[in-house]
Amino acid sequence: MTKNISYQEALANYKAVSDRPLPEVNYEGLLEKYHPDYFKDACVQLKIGANKGDICHIQLAEMLQTDARIDEADLAGAQVIETDILIIGGGGAGCAAALTAAETGARVLIATKLRLGDSNTVMAEGGVQVSIEKDDTPQQHYDDTLRSADRPVDKKLVAEMVMSAPDVIRWLIQQGMQFDLDEYGDLLTRKAGGTTAPRVVYFKDYTGLEMMRVLKEAVRSSEIEVLDYVPTVELLSDEDGHCTGAVLSSLEDNRYKLVKAKSVIIATGGIGRLHLNGFPTSNHFGATGDGLVLAYRLGAKLRDLDSFQYHPSGLAYPQHLSGTLITESVRSAGAYLLNAQGERFVDELQPRDKVAAAIMRECAEGRGVDAGNGIKGIWIDTPGLELNNPGIFDARFPKLIKIGKKSGLDPRKQPLLIYPTLHYQNGGVIIDKHGQTNIPGLYCVGEVSGGIHGRNRLMGNSLLEIISFGRRAGIHAAKYSPRKPFRKISIEHLSRLRRELMLADMPMDSKGPILFPAYAKFETDSDYSGLHKNKKSK
Amino acid sequence: MEKTLNQVLLHKNSRVGADYTLWKNGWGGQGLKNAMEHPADIISMIRDAGLLGLGGSGFPTHIKWQAIADQTNTEKYLICNGNEDEPGTFKDRVLLEETPFQVIEGATIAALACGINNVVFYINPNLKTCHEVMQSALAKWLTSEIHNHALQQGLNLKYTIVASSGHYIAGEETAAIESVEGKFPFPRGKEPRPTTSGVNGCPTLINNIETLCNAPHILRNGVQWYRDLGIGEANGTKIYCLSGDVLSPGVYELPMGTPLTELIFKYGQGMLVGKELKAVFTGGPSNTILTEKDLDVNLDFKSVSERRSSLGTGAMIVVSRGTGIVKRVAQYVDFFAAESCGQCPACKTGTYYMSQLLGEIDTGAGKKADLDSLVDLCNILPGGGRCHLLDGAVKVVDSSLYHFLDEYKEALSDDSN
Amino acid sequence: MNQTTETLINATINGKSISAPEYLSVIQALWHAGYPRIKSVGCLEGVCGTCRVLVRRKNSQNITTELGCQVLIEEGMQVNFLAFPTPAQQHYKLEDIRNSWEVQDNFHTIFPEAENCRHCGGCDASCPKGISVEKGVVLADKGRFKEAGDLFTECVLCDLCQSACPENIAPNHVGIFSRRVTAYLHIRPSNLINRLERLRKGELKVVI
């Protein structure tokens, strides 16, 4: 790797200028050479399970092929809770599913390993895609999604999603969510990278926060039961291969709880905290891909396990904020990306994978900024944006100003250093338009599911997906769950898992799901919260 | 019981209620008469007698009085603090209800000494009888010969009775000023000091009812008499409020410095049948704990402080074996959390968090992490509020952790040391 | 910026003595020193409200309440994680408010304590986002819900103001109610409604 220019020097050379032309950019081979999805040895073939033989990111494969955390004996004396629908995960998708399921008359329990609302949803900034502008159509939305996906997707899912978008927004407004409006009361829209029309509706750069707090409030006021700090360690099955509930482990009293449910909806979100390929992440603390492991063990099929989105604009400096997201909307508004020499090097509104790869190329070829301690990146020209649109940061990007304030940097006065950050799981569990998996009784919605985004997601399609599919799954599960609960629940599927692992000569010593990143020291904790420190319950 | 009990403030000569004649025929008014003859000597007599603040501070009374006397304003205030809202303290209400003239006489002497012209009797609205009695007594006072004589001597005092808001915090000095001004009793913090700017911006003296009640007697019988009343180096008498698991709870005026064991076992007639003493919450719940080994302590400010505790208001809440200290402390901290005025997050959120932790531990749901947090809070919180409510809450928790850590540990749900 | 030597800061977090580089947040410092921390960790960027901490800086009488992921460690700092739950006090459904004339009446039924605000300023002092919380409560009490709600744009529902309120008002939920009611009753974007109509009539389809 060629040496980059030091932070101080690059900053000294920077000047805010209103117009910068884009030089010729060579996209040929950019992804293949620089995007982490293409790293040599990044992927392996899965050795067990429904996707045996398929390629999968090596760290993800390790996780999917772990042994379970529990044995049958661990369940002795566990409290049993019965409900109609168990929802695992308390983010946007989980809450949307819970609310519609409850509206449809079902008894609902949300089990979350942190608190209700602790999720990637709350951190989302950009907005929700919905084709409402005069010259825009759902067909265009659909076409943009497919083109950006750059590989086959489940077309029916995408079609369903784009057609449902206006109703999603209506539903969100009726839950009490605000959006930025023009002087006539119409929704304002902005363009996302890779789209042909502006169609992202938003609330400043706090869209996720606004959405999540409204949904949380709606859930708290409803009959939905919520259990906090109860990570799910295993799903429950029966002899016919149905999903019949889950095993929760309470961090409050260190005890297992068995939840018997007629349907289970997994909405556990992403995998950012696995720090794939050593990248920092924009994700929240609990994003460890638990749902993938749980579903896979039960026999669910997954797809696109080799592709992850690296958001181009993750804050690289200061260190304690590394990986923090700067919304794509800043680029939509016109901010440029500059290398250490102050030159543009990519069309900022290309799809994210291309932009991320371009940034990595600049840094690899010596045109990046070196901030010491292994930190590298390029500039996002926020002062240039402010110069062209005075006051835009106060009006549209208050969150970014706050983040800047905490680190002593004013984005209006100096450019911010960014580098791609692990942001989104493009693939996941295969579902139909109601979120149903190939396992009866098991639904997956949100980031944990796959088939919509191909190898590259558009800004605004994720917040759309979670509500669109969350709602449908909630309604479907409430309507079509079996009348009577399952009689005989078991963890029989673990025997099959262990047999497969042993026959494939896999190591049996690592356990999953991971639940929390290693640096939280969850497994080795001394006296505080943890799973079962004592095998015997007190 | 013999001569040491109820010698002065709660003597039958004092406990005449609103009966002016009875009071005057006893020893009523003599102190004020002496004071009016030598007004310039009052403060030095108070100093030499060693009168201390009996509302909890133990602070030398003469210092406060001198500071007010030194102010040159013509408008000054005296707030006679009868808010008394602390669990376990119930002496001021006895003085207000049964010895109103003693209170008025004491206040008048203080006003005379300090050049104060506005006397406010600041009484908790829940003490309805105290209000009624004081109003009746004050009405009589204002038509009495004592008052007339004072007027002729140029002592033109305005007396008012003001009901406090009834909040616990309204008993804090600067909060009382706010309350007298008709506002919510928010403690003001360090500046401006009441001495320079109190009620309506005027120098204001705030004294506890019991403190003021001692003045007439010091002026009546002199400094040496007062000093001789106390045991050892302590001076005067103290009204102790004994409550809890004793046979005879109540108010006992005894020589300052009476040993705790005497208060409990002689005057309080010992523990309720079959119960052993476990602990004593001294000075009420915003204070510290004494245990069996401290039963011999003399109940004066200095001796008690030598045992890592303080006398406070002189309230002694006795707790026997069979009472959970954790639960009791949890109740006290709940009280503080509810009474915090809200201005300082350190106090409101700090006491709230402590009460949550105590509640968890007390109900068997507490973990070692919770106990550690409690200990940690006792280190971080003190001094974080602008008044002492937070410090009081921390003190009692800290003291209970010092004396009864084992009890806390036993209540934990996880088996770690 | 090349740092060859890191300055190590000594602080006390939850009673434990920590030595960590100066550019770390309180949570990162704890992990750096090898201590476990699960509770009170969430988004790590200041929007989920879970990492509430009590902070006392060296030589200061002033104790503040902040978000731990946003607090950088300082020499001699003492930190304690405020890890207690704040259960929901209010339960209401927006659908029960039939029209915008009825909002204020509903508000006083749902938040009866709001009119008792004693103006102690504790909520303002404890808000890690610098929101004028008390003003929001006063505005909502007067029926000015849009204005009240606008003050709470940055609110992350950390509940610090809720535990700071001596009148048990739950000011943050007053703020969120104000926001929700504004959206529920007043946001009627014609561009969205037109699109919904066209879809309802079957005028737009997607060809796969």
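Each chain carries a letter (A, B and C) given by its place in the written order, and its residues are counted from 1.
Keep in mind that, in the parts below, a contact is a pair of C-beta atoms (placed from the backbone, for glycine too) under 8 Å apart; a residue touches a chain by one contact, two chains touch by 3 or more.
Keep in mind the model is a prediction, meaning the values are calculated, not measured.
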Next on the checklist: Using the stated contact rule, I'd like to know whether B-C or A-B comes out ahead in C-beta pair count.
Outcome noted: B-C
Item to check | Innermost chain by mean C-alpha position | outcome: C
Item to check | Interchain centroid distance [CA atoms averaged], chain A/chain C, Å | outcome: 22
Item to check | Rounded Å distance, chain B centre to chain C centre (Cα mean) | outcome: 40
Item to check | Computed distance of Cα centres, chain B from chain A, in Å | outcome: 60
Item to check | Touching two or more other chains - residues of chain A | outcome: 528-529
Next on the checklist: Where in chain C do residues touch two or more of the other chains?
Outcome noted: none
Next on the checklist: Quick check: what residues of chain B touch more than one other chain, meaning two or more?
Outcome noted: 372
Next on the checklist: Could you list, by residue number, the parts of chain C that touch chain A in their complex?
Outcome noted: 1-3, 23-25, 28, 31, 34-39, 41-48, 50, 70, 72, 85, 88, 90-94, 129, 149, 153-157, 173, 176-177, 179-184, 187-192, 194-196, 199, 204-208
Checklist entry - Which of the residues in chain A end up touching chain B in this complex? => result 252-254, 527-529, 533-534, 538
Checklist entry - Taking the complex as given, what residues does chain B use to touch chain C? => result 184, 186, 338, 340-346, 348-350, 352-353, 356-357, 372-373, 375-377, 379-381, 383-384
Checklist outcome for this item: The chain C residues in contact with chain B across the complex are 14-15, 54, 56, 61-65, 78, 80-84, 118-122, 125-126, 160, 163-167
Next on the checklist: With touch defined as at the start, can you tell me which chain B residues reach chain A in the complex?
Outcome noted: 365, 367-369, 372, 413-416
